[in-house]
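The first chain written gets the first letter, and so on, giving A, B, C and D; residue counts start at 1 in each chain.
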Amino acid sequence: MTSDKPRDKCGVLGLWNADAFNAAETVYIGLYGIQHRGQQSAGIAVNDSGKIIYHKETGLVAEVFNDIVLKHLGSGKAAIGHVGYQKASESVREHAQPLVLRYKKGQMALSFNGCLLNTDRLREEFEESGHILQSASDAEIIATLLSRERVRFHTLEESLVSVMKKIRGTYSIIIMTPNKIIAARDPYGVRPLCMGRLKNSIVFSSESSALDIIGAAFVRDVIPGEILVVNDDGVKSINTKINEKTYLCIFELVYLARTDSFIDGCSVYGSRFEAGRILARESPADADLVIGAPDSAIAAAIGFARESGITYGDGLIKNRYIGRTFIQPSQSLRELSVRLKLNAMRSQVENKRVVLVEDSIVRGTTTRHVVQMLKESGGAREVHMRVCSPPVKFPCEYGIDTPDANTLIANLMTADQIKKEIGADSIAFLSMDGLLKTPVGAKCGFCAACFDGRYPIDRERDEPAGSTDTDIGARHGGL
Amino acid sequence: MTSDKPRDKCGVLGLWNADAFNAAETVYIGLYGIQHRGQQSAGIAVNDSGKIIYHKETGLVAEVFNDIVLKHLGSGKAAIGHVGYQKASESVREHAQPLVLRYKKGQMALSFNGCLLNTDRLREEFEESGHILQSASDAEIIATLLSRERVRFHTLEESLVSVMKKIRGTYSIIIMTPNKIIAARDPYGVRPLCMGRLKNSIVFSSESSALDIIGAAFVRDVIPGEILVVNDDGVKSINTKINEKTYLCIFELVYLARTDSFIDGCSVYGSRFEAGRILARESPADADLVIGAPDSAIAAAIGFARESGITYGDGLIKNRYIGRTFIQPSQSLRELSVRLKLNAMRSQVENKRVVLVEDSIVRGTTTRHVVQMLKESGGAREVHMRVCSPPVKFPCEYGIDTPDANTLIANLMTADQIKKEIGADSIAFLSMDGLLKTPVGAKCGFCAACFDGRYPIDRERDEPAGSTDTDIGARHGGL
Amino acid sequence: MTSDKPRDKCGVLGLWNADAFNAAETVYIGLYGIQHRGQQSAGIAVNDSGKIIYHKETGLVAEVFNDIVLKHLGSGKAAIGHVGYQKASESVREHAQPLVLRYKKGQMALSFNGCLLNTDRLREEFEESGHILQSASDAEIIATLLSRERVRFHTLEESLVSVMKKIRGTYSIIIMTPNKIIAARDPYGVRPLCMGRLKNSIVFSSESSALDIIGAAFVRDVIPGEILVVNDDGVKSINTKINEKTYLCIFELVYLARTDSFIDGCSVYGSRFEAGRILARESPADADLVIGAPDSAIAAAIGFARESGITYGDGLIKNRYIGRTFIQPSQSLRELSVRLKLNAMRSQVENKRVVLVEDSIVRGTTTRHVVQMLKESGGAREVHMRVCSPPVKFPCEYGIDTPDANTLIANLMTADQIKKEIGADSIAFLSMDGLLKTPVGAKCGFCAACFDGRYPIDRERDEPAGSTDTDIGARHGGL
Amino acid sequence: MTSDKPRDKCGVLGLWNADAFNAAETVYIGLYGIQHRGQQSAGIAVNDSGKIIYHKETGLVAEVFNDIVLKHLGSGKAAIGHVGYQKASESVREHAQPLVLRYKKGQMALSFNGCLLNTDRLREEFEESGHILQSASDAEIIATLLSRERVRFHTLEESLVSVMKKIRGTYSIIIMTPNKIIAARDPYGVRPLCMGRLKNSIVFSSESSALDIIGAAFVRDVIPGEILVVNDDGVKSINTKINEKTYLCIFELVYLARTDSFIDGCSVYGSRFEAGRILARESPADADLVIGAPDSAIAAAIGFARESGITYGDGLIKNRYIGRTFIQPSQSLRELSVRLKLNAMRSQVENKRVVLVEDSIVRGTTTRHVVQMLKESGGAREVHMRVCSPPVKFPCEYGIDTPDANTLIANLMTADQIKKEIGADSIAFLSMDGLLKTPVGAKCGFCAACFDGRYPIDRERDEPAGSTDTDIGARHGGL
């Protein structure tokens, strides 16, 4: 099913000290909680008594793993997992993670979510010294850097500190070696990463939704620029102090993250709900019914309804059975089958003035269909479009797969033109100010470059990063 | 994913005169609109220039069909389809439909949804005369009867009239021969069946949702006891006049049907919404938030909120990725992973007094988990259970797969005991009177035997059914 | 891999009283011994404590069965199996056997190898009485007849006697009910069927090669027109005495059967070897080396070499890896890759005068390639074709899938023309007299209609068959 | 199907300048000609207008490739392929080749057959400088070395010369870059590699059998220590002159290679035939029939028969349907089903004194079964074992997967003990002198270490290898 929404590129997960559980199984279950972050490949690597074994393949978690594979992965002491999404130009299979490799000190497995900005220079640098790369992925570049630094440094975490000073970009990384798990978040905090506890086990995950699913308690977010090392001695935190300002991707709150996740102190659901409320104040509509585009704009629609006092209703139903193997109908039928993936609920919207709440508009193609369907099939009298984020005008340079700038509808048209293009009776976007008020309780700053074009991270660093600070060691209890 | 809800057994679909479309493709797309009625097998039979070819297999529509299969089915003049669900004791594969067979007059394909009551006697009767049965399914019994009657009668529709007088039960049938399609609905109208038009094509479907999906216009419901014959001469209606009273399965409105379908004049969504409103009047709750169990109770929850004036919210999120291939976690993890399929939205429900709206309670096992999750993971202060149908106390004898009477929670406990068992702070069921008011605009009577134990159809008929009436022929335009 | 040889249509296998073994597993292993008789479908039905369960699918035995399927079939008291091959016009899947069905007396499974001649009349007869047929296969016709007769007769074997009097054709049948296994061979003995013993188990198989494979001892061939019934009381033989003359298909000995089988007293290998010897006497060649077309003509080639005194050699090597999934090269490459399936051994044949022994020539297409390859790639000086059977001039009407009469090369050309067409330096066929001398020790007459056009069985019987004779009961020990 | 024969580890194939053909398709077809060299993985990499795309997977060629995959690989200018076999301890999937990677100069694909001896030192060496290895295979080590040398040298072929001086071992390598194909054979010539021509295309293959299959003409063997570079300018030969003495693996002639291949001037069939003749002279037998163990000892058996004057016959038949998915019978049946894979032809061997010719005996387990079967099932009076190679007493250190020294039967027993163990009436092995006479016309020396324990290649070189010599460039026509 194609979508005109941007897609995240990956989700990472890691588990240490699975004495009470089967590590592979627990990570398998947990991956269902971050499946929305990457639906093209999945993988799990297991620390099986000091040997790393793994399985990864293209497909959804449910397609990649079965009883036999899980049994084969056995019940190790630790495991890390990954769900991935690749750009069209990349070989999905070769990019499946975790990346498992041998280096000077033995085996290592690595799960990576994010986007390096200075790969060209880095790749050139070590191809120059004769390295080979099999996938040319950011994960392989980091692994190669780690391996090179490991020759100079005493521990893998020290090497990682050094690597983090060399690379520029946005990332969450989980690394597993035979005797530890290391998790790290980029100094800008663009991509999310959090830590939880499951009995005596420590869990890292891109989103807290995976913690909920395996019954783990949320402990805290990993701090931007922080490295956490877990081994038999407990959890140790290293603050690389590479950066000071943080820029959590605000689009995680707008659309990417699962609605029940908490990221850097913000409830995703709460942020979306708040966006609806603020928009209702900024751009009220004279209407009979508020509906949300399923599933991502339901929270915002409820917020809009609550604030505006307009009745909330369920005006669109999504077909849950249209999956990746769906065969597109031929042209003659395609024009007729517009209600295949989404159907308007005539009993709800007929003769009504409807507020249609969307979380964001990117290319606008789907939106046009929805408005048309509400009017033609559903019999809505008016459709008032309310978009709970500003117009998307700039492509993401930090790893989210957005369309080219010249296919972003807000780059091509004014709001009024968009209104006509999609056939709505009115349209309003959340203001930039409004958007920045949505993440209630945020413990971070934000990158909103897709909306405002202010890209906070340069491709190359001007000056060397600050020196490594003291390790802040801590026992479990201390976190 | 197991569920403690009853499941429908099948959905049927048929298309005649596909001159503007590819028949197989159109039926393929349409089956996505009734996929919820049967998720264990799927099939399509095509009239390929007078020869019937087909493909059927166990699995979802998306699993059973692919490009190669659809191409092989070609582009015939007509096609019928089926989605099925079997009892645990049946071989899923041998029961996959359409049933395709040869009889005296050539080939026939048959899709069946329903349940025959007097099969034992029928089977005995014709095994006595040496017939063999390969699946012993109701569909095969009807086909055998049809074939026997066809020896005596001049047309297949006359034979069908005769068969409908011999059989007792609930059903929707679609039959395809090389030169016509015949659709019939049981005299009691227990199972739904409707007719639509797609340009010059006539479409039959268990639910109107499939018409929407292929862009067909809804024409009307098939009348209980009616046979509709479509061929190159147009559509002809035969009223078998076998019965006078009709008993649409009210559970179709409560839970089984797709929320955007219309059945016998009732909007399914509207009925559920109305159920919520009536219940809010019958059993109000002192609470801060109304939430619905996804996805089936959302409409009712919105109705409850609207009537009660209590804020509506989205308190539970369903994991869309847990499919049939999901591997159950082992015991140690299972207890922890209660939030795998459904997660409570802490940001919404924390410290709130919550009304949890359900469409029905059958065994009650899932409900208990949901209440517990809302309290423990979600932090809800109180949970007030509101069930938008009366207690289910009687197993369905007409084809819906309900648990044994002694596992129906309402048979084992009083409402108060149920409240304690599931951990709710209060509980209320919709009254029988209330339920019967929910199908606004119904053009039929109802069977509510699962709630009130009044089974309207006897297993054997006491006296012979009325004589066949005149055929009421009609051209397309006349319907 | 296409072949221009006729193909058998099926192989049947049955096992009773598997107390020391797993019945499904034993039949599974045994099917490998008759896999050459049918490579398009395979199936096994098991008597699981009185209930018949089964699995059948398109593909080779190795593709159809796996650990999970075999485990599911469990370890019953009895089992029957089938390997099948269908005509291009038939749906392979629907024709897969054993056919499993319900009739008046319960369940029955049936494996059939052969060809009924009077099906049109039979099908018409019972379609007239309202029966339906799902596959219209000969197996289903026999099952339907059996079911009808069973109403009149006391036992299934008596019904079978009656059915065998109504049907005309060539067949081997194995039937399993919850308490017995019945094996029967057509009155003309055209298709082979034999009985073996494995400890306390009785085994029936199309060929003795399957007995060898499971370690069973050969007991005897089933007599043409004989019915054998095995149950807890032992083995009972019924001589239907329908016919007196027998006509074993001589092509079984020429090509169809496995070379290590014994059929009606003849060693298949021995017959082929003898054919080579006789041909060497009938049509000697002045040559340096005798080679055989692999694999079917090796025995005959060794016989030819032995008799002629010319050196035997191995001049052609077959590629064992070219299977059903092989993707044909495109035209430009196809002309070059003639040595893909078969390669000439230059080191053996270069500059030699070679006798190329074939078992039979049907369309002649492959033969032309082989002769050309021996000369061009192998460097043979002369190639003398020696065919160990007379020219195939008549299509089989009794179940073997031969090409149309007008594509049989011996119908289109004289021997001299064939010689030129295939590029040989001389050619000779075994005489009809010679052929009839090849089955040393035969206890039967033969059908050689494909060679001599004398079809011994009429499509319809002129007069009623003789009356049933006394059952010849016998304990195990007596056989 | 387990075998107690050693197995080769790989086969390589490459094609340049496929203007008249589809490169991927041609390599696909060609791989069928070396499938016997590696049956666990297969892969093809294609030069698609300067970009290298590839597909590789575990399984046979027929399993790994299908229409869709071949279509996806398109029709490039060049392609290389690989069939592989891994040691039990290796991950088959990660070792599938061709290895495709990026290095300083772009992309490279590499197919490797052989065994490096000094990998530990090499791996240590570049792990020390921070390289990572994903599979730790010999292929990846060579690629890494190449990439490192490429920094110092001007061309890839110069880098390869340098690499070949650093590595010790036995190998055939085919490398593809966007503008050339490079083939190289180890300085000792242990593993075979030859060159052919297909119209204007140049082909490299492990064995000439692949050339035959695609219709290519054999040009010559690659000389030990030679590097051949093919690009748009033609074929250039580089003689690295690293070594002077050559040691072709004699086991290629005894068992590993396809019988229709020619290696270094020897016909494989001819060598085996000659082995049979010499053995007949060295160790005659008083017998009635000579038979060979299929398929590898047929040539030798015919040679033995020819020389001894004893009648040659076909006494054993192999089941062609027992593949990798065969499910082993359980214990009770296993003892009975000894004739499953191989059956004795009673009609041939009964009451005969039989000479059973084998190509080699390694662990002896299969041989014991065969002798027993010939006597018990076949009824042979005597069985005289004649083995056409000396006793295998030493494990291969150069890449052939032989059992441990202490499971080699010739290490555990004397010939007389072996005779008793396998139940033969006499036994004789070909002498070492005899063996060395078998490769008629050989243009090389041999390694026969598995028979005589004289391992000609040391793990580490004592002194540096000689300097690179002048390139011997040549146009196509010059070869």
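In this text, a residue touches a chain if its C-beta (ideal position, glycine included) is under 8 Å from a C-beta of that chain, and two chains touch if they have at least 3 such contacts.
Being a predicted model, the structure only gives us computed values, none of them experimental.
Undergrad: Minimal path length between chain A and chain C through chains that touch?
TA: The fewest steps needed to get from chain A to chain C is 2.
Undergrad: If you average the Cα atoms of chain A and of chain B to get two centres, how far apart are those centres in Å?
TA: Each chain's C-alpha centroid was found; their separation is 38 Å.
Undergrad: Suppose each chain is reduced to the average of its Cα coordinates; what separation in Å results between chain B and chain C?
TA: Measuring from centre to centre gives 49 Å for this pair.
Undergrad: Measure off the straight-line distance from the CA centroid of chain B to the CA centroid of chain D, and report it in whole Å.
TA: Between these chains, centre-to-centre, one finds 62 Å.
Undergrad: Of all the residues in chain D, which ones touch at least 2 other chains?
TA: none
Undergrad: Give every touching pair of chains, nothing left out.
TA: Result of the pairwise touch check is A-B, A-D, B-C, C-D.
Undergrad: Sort out for me which residues of chain D touch chain C in the complex.
TA: For chain D paired with chain C, touching residues are 20-22, 25-26, 28-29, 32-33, 35-36, 60-63, 65-67, 70, 198, 209, 212-216, 258-260, 262, 267, 269-270, 273, 298-299, 302, 305-306, 311-314, 317, 319-323, 325-327, 329-330, 332-333, 335-340, 343-348, 377.
Undergrad: For the complex, which residues does chain A have touching chain D?
TA: On the chain A side, the touching residues are 99-104, 108, 123, 127-134, 136, 140, 143-144, 147-151.
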